[in-house]
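Chain nomenclature is as follows: A, B, C and D, assigned in order of appearance, with residue numbering initiated at 1 for each chain independently.
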Amino acid sequence: MKRNLLLNQTAVSVDVNAISAEKVSFEWAGSSHSFELIQRSGDTVVLRDAQGVQHRLQVTSGLVSGCGLDAEIADVTAGAKKKAAVLGGLNAPMPGKVFKVLVKTGEAVIKGQTLLVLEAMKMEHAIKADKDGKVRKILFKEGDLVQGGMALAELE
Amino acid sequence: MKRNLLLNQTAVSVDVNAISAEKVSFEWAGSSHSFELIQRSGDTVVLRDAQGVQHRLQVTSGLVSGCGLDAEIADVTAGAKKKAAVLGGLNAPMPGKVFKVLVKTGEAVIKGQTLLVLEAMKMEHAIKADKDGKVRKILFKEGDLVQGGMALAELE
Amino acid sequence: MKIKKILIANRGEIAVRVIKSARAMGIKTVALYADDDAKLPHVWMADEAHCLGTGTLKETYLNQAKILEVAKSTKADAIHPGYGFLSENAGFCEAVEKAGLIFIGPTAEAIRLMGDKIGSKIAVEKYNVPMIPGYHGSNQDGAFLSGEAKRIGFPVLIKASAGGGGKGMRIVHAESEFLEALASAKSEAAKAFSNDAVLIEKYVTEPRHIEVQVMSDTHGQHFHLFERECSIQRRYQKVIEETPAPRLSAETQKAICQTAVEIAKGINYRGAGTVEFIMGADQKFYFLEMNTRLQVEHPITEMVTGFDLVGLQIQVASGEKLNLKQVDIRQNGHAIECRICAEDPDNGFLPTVGTIKKIGTATLKDVRLDCGYVDGSVVGVNYDPMLAKLIAWAPTREEAINKMLVALDEVVFAGLKSNRDYLRRLLRHSDFKAGKTHTHFIPDHGESLKPLPAESKEFAVHVAAYLLAGTKPAASSDGVATTNPWTSLSGLRN
Amino acid sequence: MKIKKILIANRGEIAVRVIKSARAMGIKTVALYADDDAKLPHVWMADEAHCLGTGTLKETYLNQAKILEVAKSTKADAIHPGYGFLSENAGFCEAVEKAGLIFIGPTAEAIRLMGDKIGSKIAVEKYNVPMIPGYHGSNQDGAFLSGEAKRIGFPVLIKASAGGGGKGMRIVHAESEFLEALASAKSEAAKAFSNDAVLIEKYVTEPRHIEVQVMSDTHGQHFHLFERECSIQRRYQKVIEETPAPRLSAETQKAICQTAVEIAKGINYRGAGTVEFIMGADQKFYFLEMNTRLQVEHPITEMVTGFDLVGLQIQVASGEKLNLKQVDIRQNGHAIECRICAEDPDNGFLPTVGTIKKIGTATLKDVRLDCGYVDGSVVGVNYDPMLAKLIAWAPTREEAINKMLVALDEVVFAGLKSNRDYLRRLLRHSDFKAGKTHTHFIPDHGESLKPLPAESKEFAVHVAAYLLAGTKPAASSDGVATTNPWTSLSGLRN
C-alpha cells in the first residue's frame, strides 16, 4: 500500500507492507524497515526497531521530533495541502506591513529594481523585480497588512 | 444559593450570592468574598480578588492547590460521595493483605486485643478490638487482599 | 574500560535518574520492568527494555539470574543497581563481576562488611570513629541483652543487625518493656532480613540524623561531598533532607566529614557511599552505619556541589581516576529535598493508592523534580509509596524554604492523597524555620502540624476556584449544580 | 530600602524570568500587558496585572506615563525594565526615580553615556581599554567619512551611533560602495533611533563576539562574572551563546574580564551590565559597546557561576552591599544557550507566525527552558520572534553540547516552523564542536548546515511514528487513510 507523504515540504512516498495498531513495516529510502509501537504516553511514542532498540519521538500537530531530527509530515492524499508559502518572486516572504510602494502601475522596471518595501519584525525587506518588464498591478497600498506568501505585484 | 461541599473530607456549606462564568461572590467563614476569573490555562486558573490581587491555583480531579494550601473539594449534593475510608475501629486503615487472623468467631476479646494483623507496604499493622465483646464475624481469611476502609471483623 | 551500555536493575525514579545521566554522557541504557510497571516512564526512556514477568519481588526485581541473563543478551557492560533491591546485596555484586560485567557500586567485600550493623561497627572502630555506647556482640540471649540495656542506661534502641529503614527497630524506655520489644523486633527482623540478630544502643534524645556523602575512585582517592541533615522523619523514614545541616559549627562539619573520609579510606571503599551519624544537642556525633549505594536524597548534594553523583559513579566504575581535589569540592548555597509520598499524614501516614491524574510542573529556577511516574500512572501497594522527590536550591536556607513552598504549590499530584500539604506545614513551622531539627520533630509537633480547619478564610479562594472552574452551573430544583465541574477544564488543556 | 513590590515594564520570557526571581525572594510583582498579550503567562504568573490597551508599542510597552501611573496605583516600589523596550532609556530611568520609585538598572547618566556609540568610546578610552581603529567623531559629512574609511582601511563597518541589534549597520568592502551603504545605514538609523549619526570602524575578519558580565553595587564594589561567547549569529543577532568562550587563553580571559571591571569602576556603574568586545584570531580584543541592562543570554552565566542575576539586580537596587569577593565568583563547567525562534532558517531566517500547539519539556538535569509562552499561545508579527531560550549545563563543553542535543529533541514547539532543527545542525557541525566559532559561522557554512534530504534513511523512524500514531487507517479505495492521524493521540494526553 503506497502512502504519499509531504516530509519537510518535500513529496515522498512510502510503500507500507503491513500496518496494525502496534506494528508497521515498509520500504523507505531503498531498504525495508519494521517498527513496533511499545508505548504511547501523551505525545510521546516509543518504537522498537528490529534490533530491539527503542526510539522516543514526539508526535504533535504533524511534527515528528526525536532522534536528533525534526520531520514535519502530512499525508498529502488525505487532503493535507502544502502550506509553505510560495516564496521568492513578487510574493511576501513573511507576514508584515507594506512600508513603501516605489513603482506605479504601467511603469517599466528592470530586473533587481525595488518595487515595494515590506516591514516586518521591525526590519525592512525589499521586494525586487525578478525580470525586466512593466508593472501590471500593485496589489497593495502602503500600510496594508499582508500574509506570508501573498502575491504583492504582477509584472507583464 | 447554598452549595454543600466536602472540603478536605469535612462537610461545609457556602452561600453563593452570584455566579457567572467570570465572577463569583459568596459568604465563607463568616465574611463575604468575591473573585473574578481572569485566566484559564490548562489546569491553572487565576482569580483576582476585590483588592486586585491575583491568585493562581490548579484545579484537577477535585484537588484545588495553590496559595500554600491543598483543598480537596467535592460537591456533595451533586452526587459526590464521601470517599474517605471510615477509619479506626475494625476497618482496614489502608489497602493490604491479611497477614494473620488471631481470633475465631465466637471468641471473647477485650478492648485493645489484637484481632488481625494486616500487612501493607512491607509493614505490619495490628487491628485491635475497640471494646470488650465477642467476635461475631471475621470477614477475611489470611492471605486475602483488602481495600482501605473495608470492615475486617465485627464484634458484638 | 569505557562503559557503553548500562543495565539498570531498578525501577521508577532512580531508574529514570540513571538513564538521564547516561543519556547526557552518551551511554546507552537497558531498563527492566515487572509486568505491572510496563507503563512507567523508565521503561520507555531507556534505549532498550526487558520484562521480568509477574510475581513477587524475588521473581522480578530481585531475580538475579534473570537480570544477568538480560544483561548478557543485551550486551550491557555494566549494571547499576540504584538504591534498595539488589544495591546492597554482596552476592549480586559478585555474580555481576563473575559474569564479566561491571557492578556500578562498591566491592562485594565492602557491601558485606557494612551490611552487618555489628560487624561494621567493629570494623570502623579502629579508624577512631566515635561510637555510641551499646552492645554489638553476638550473644542474643534475652536476659543477657536486657542486662546490657540496663548497663547502657535507658532509653535504649533495639535494631536489627542486618536491617535498615526502621524495620526491626524499637525504642525501649524502661526495663519492664524490654523483653516484649525484643521479641517483636526479632520477629520483624527475621521476616525482613532472614536474620533475627539485633544490637542495642544508647538512645540519644533530640537526636539529629547527619550523614556524609563520600566518593572514592579505584586510584586510592577518597573524597567527601559534605553532609546532609535528614532528621525530619516519620516511621523512621526520611521525609525532608537538607544540606548544609543547620546549626552546625564549622569545626563539627569539618570533623564529621573528615571522619567519613577516614572510614572510606580505611576500608578502601569504591564509588558512592554515605556514612550516617547520630548527633546530639552537644554536636557530639556517633557512627550509625554506612550505606554502600547511592542515597535517595543524593540530589541535594548535587545541587550544592554541582556534581552529578551518578556520573561520578559511572566514571569510577569505568576505572577513571577522578580529576578532583578535595579543596575544589565546595558547598554552595542551600538545598532542600521533600519526598512526596502517597500517604495520608493526617491518618497515621498510612499509604494511599490510586491513579495519578496530573503531575504539576515546577517553574522556578534551581528546582528539580525527580519522578518515576507520569500522568495516568497507577500507584499500587506493591512498591514504595514515594511518588517523587522535589528539590530546591537557593543561596540561603530561608530562600530555599520559600522556593520549596512555591514548588510544592506547583507540583500537584492529583488523583490520590499525598503528603504535599503536610510538607508545606512542616516547612512553615517556626521550629523548622529556626533550624530546630531532630528526628522526633514530627511526633513532638503533632498538634502544631495539624491541617487548617475546613472552614477557614484561607480556603475562600480555593472554594472560589472550585466554583468558577465549573461550567456555568445548570441549577437543579434544589439550586445545586448537576454537571461535573471538572470536565469543562479538559478543553483548555493543550 | 527593602523592595516589596516590583512592576515589570516588559512582556514574555523576561517578564516571567523576573517574576520567578521575585517569587523566590518573597517579593510581589505587577505585570503589564498589551491587549494582544492578555493570554500570555507573564500576565497570570504575576500577583497583579494591568492592561496597557491596544495600539503601537509607543502606546503600550513604551508608554512611560501609563506605566508610571500603574506603578503608582499598585503601590509598586520598584520597576524592572527587562531588556529591550525602556531598559536603556535614560529618560525613563529619570522619570521612574523622579516619581520616587527605584529603577532596577543603572543610573540615567550611565545609560545615556553608554547608549551613544561615539560618546561611549570616548568615555572608556581613558581607562586603557583597547579600541578598534575607527572614526567616532561628530563630522557626518559623506565625503569626510569616506576619507576616514579609506584611512582605516577596507573592509570597514558603518554603525548607527545610537543603535543596537544590527539596525543601521553595513559592511563595506570597497570605496566605491561606501556612499550608498552610508545613505542606507543613515536612513535605517534615523527610522529606528530618530538619530542618523553613524560611526566607522575597522572590520575584523573572522571576528568573535566576546562579552563580559559585570555587576556593581552602590557601595563601590565592581565584579565580573566571566565572559560569554556569542559569535554564532544570523542577521547580526545571537542565536547560540556559551560560557566559557572556547579557545580562550587564561591570560586573555583574565585581561578581558579585568578590562570590563575597569570600565564599570571608571564610570561608577550600578547593577548588571555587559561589556561587549570584538576579538580577532590573534586573541586581541577591542571594546565594542556596553549594554546597560540584563542580557538575553544571562542564564548561561547563572549556570556556570550559580548566581541569580535578577536577584543580584534586586539586591543592588535595594541598596544592599553585595556580600561577595571577586575570588569567590567561579566559573564552573560549561553552559550553552540556544535561542529557539519562530523563523525558517532554510528560507533566509524569515520569521514565521502561528499558534503554539505544544511546547515540549526538558527532562535532563541542569537543563533550563526560559519561555514566555504556553501551549495555545499565538505568535504574531508584532514582537520579537524568539520563542524561548534553552540552556544546558555540563562539566565540559562536549557534554553540554550532547545534553543540548537531547534537550532540543525534547523541547518541541509544534504548530509553527522554528529553528530547532537548524540549532541541532549547528551544534553537530564539526567546526562548532571544535570550537571554531566566529560571527560569520552561519554564512560561511551555509552548505554544510543544509537540512537532510527528505528521503534519507534517518527519517524511517519518523515515518514509522507518523504511521503508527495514526488510528488504524480506514483505507479508502486508493489505499490512503482518510482519518486524521493526530486526533487519536488527544485521548492519550493526561
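As a working rule, contacts are C-beta pairs under 8 Å (C-beta built on N, C-alpha and C of every residue); 3 or more make two chains touch, one makes a residue touch a chain.
For clarity, every value in this text was computed on a predicted model and none was experimentally measured.
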Task: Chains in simultaneous contact with chain B and chain C - done: D
Task: From chain D, the most remote chain by mean C-alpha position - done: B
Open item on the list: Measuring centre to centre with CA averages, how many angstrom lie between chain A and chain B?
Closed with: 54
Open item on the list: Please tell me the distance, in whole Å, between the geometric centres of chain A and chain C computed from their C-alpha atoms.
Closed with: 50
Open item on the list: So the centre of each chain is just the mean of its C-alpha atoms; given that, what is the distance between chain A and chain D in Å?
Closed with: 27
TODO: Would you give the residues of chain B that are in contact with at least 2 other chains, written as numbers and ranges?
DONE: 41-42, 56
TODO: For chain C, jot down the residues that touch at least 2 other chains.
DONE: 45, 357-358, 374-376, 493-494
TODO: Name, in rising order, each residue of chain C that touches chain A in their complex.
DONE: 39, 41, 43-49, 74, 374-376
- [ ] Would you tell me which residues of chain D are touching chain A in their complex?
- [x] 167, 188, 192, 235, 347-348, 350-353, 357-358, 360, 381, 384-385, 405, 409-410, 412, 414-415, 417, 420-421, 424, 428, 451-469, 472-473, 475, 478-486, 489, 492-494
Task: chain B residues touching chain C - in the complex, by the definition given at the top - done: 1-5, 7-8, 10, 12, 14, 16, 19-24, 26, 28-31, 33, 35, 37, 40-43, 45, 47, 49, 55-73, 75, 77-78, 87, 93-96, 120-124, 148
Task: List of chain B residues in touch with chain D within their complex - done: 38-39, 41-42, 44, 46, 52-54, 56
Task: Sites on chain D touched by chain C in the complex - done: 20-21, 23-26, 45, 302, 306, 308, 311, 332-333, 357-358, 361, 363-365, 368, 374-376, 394-395, 399, 402-403, 406, 493-494
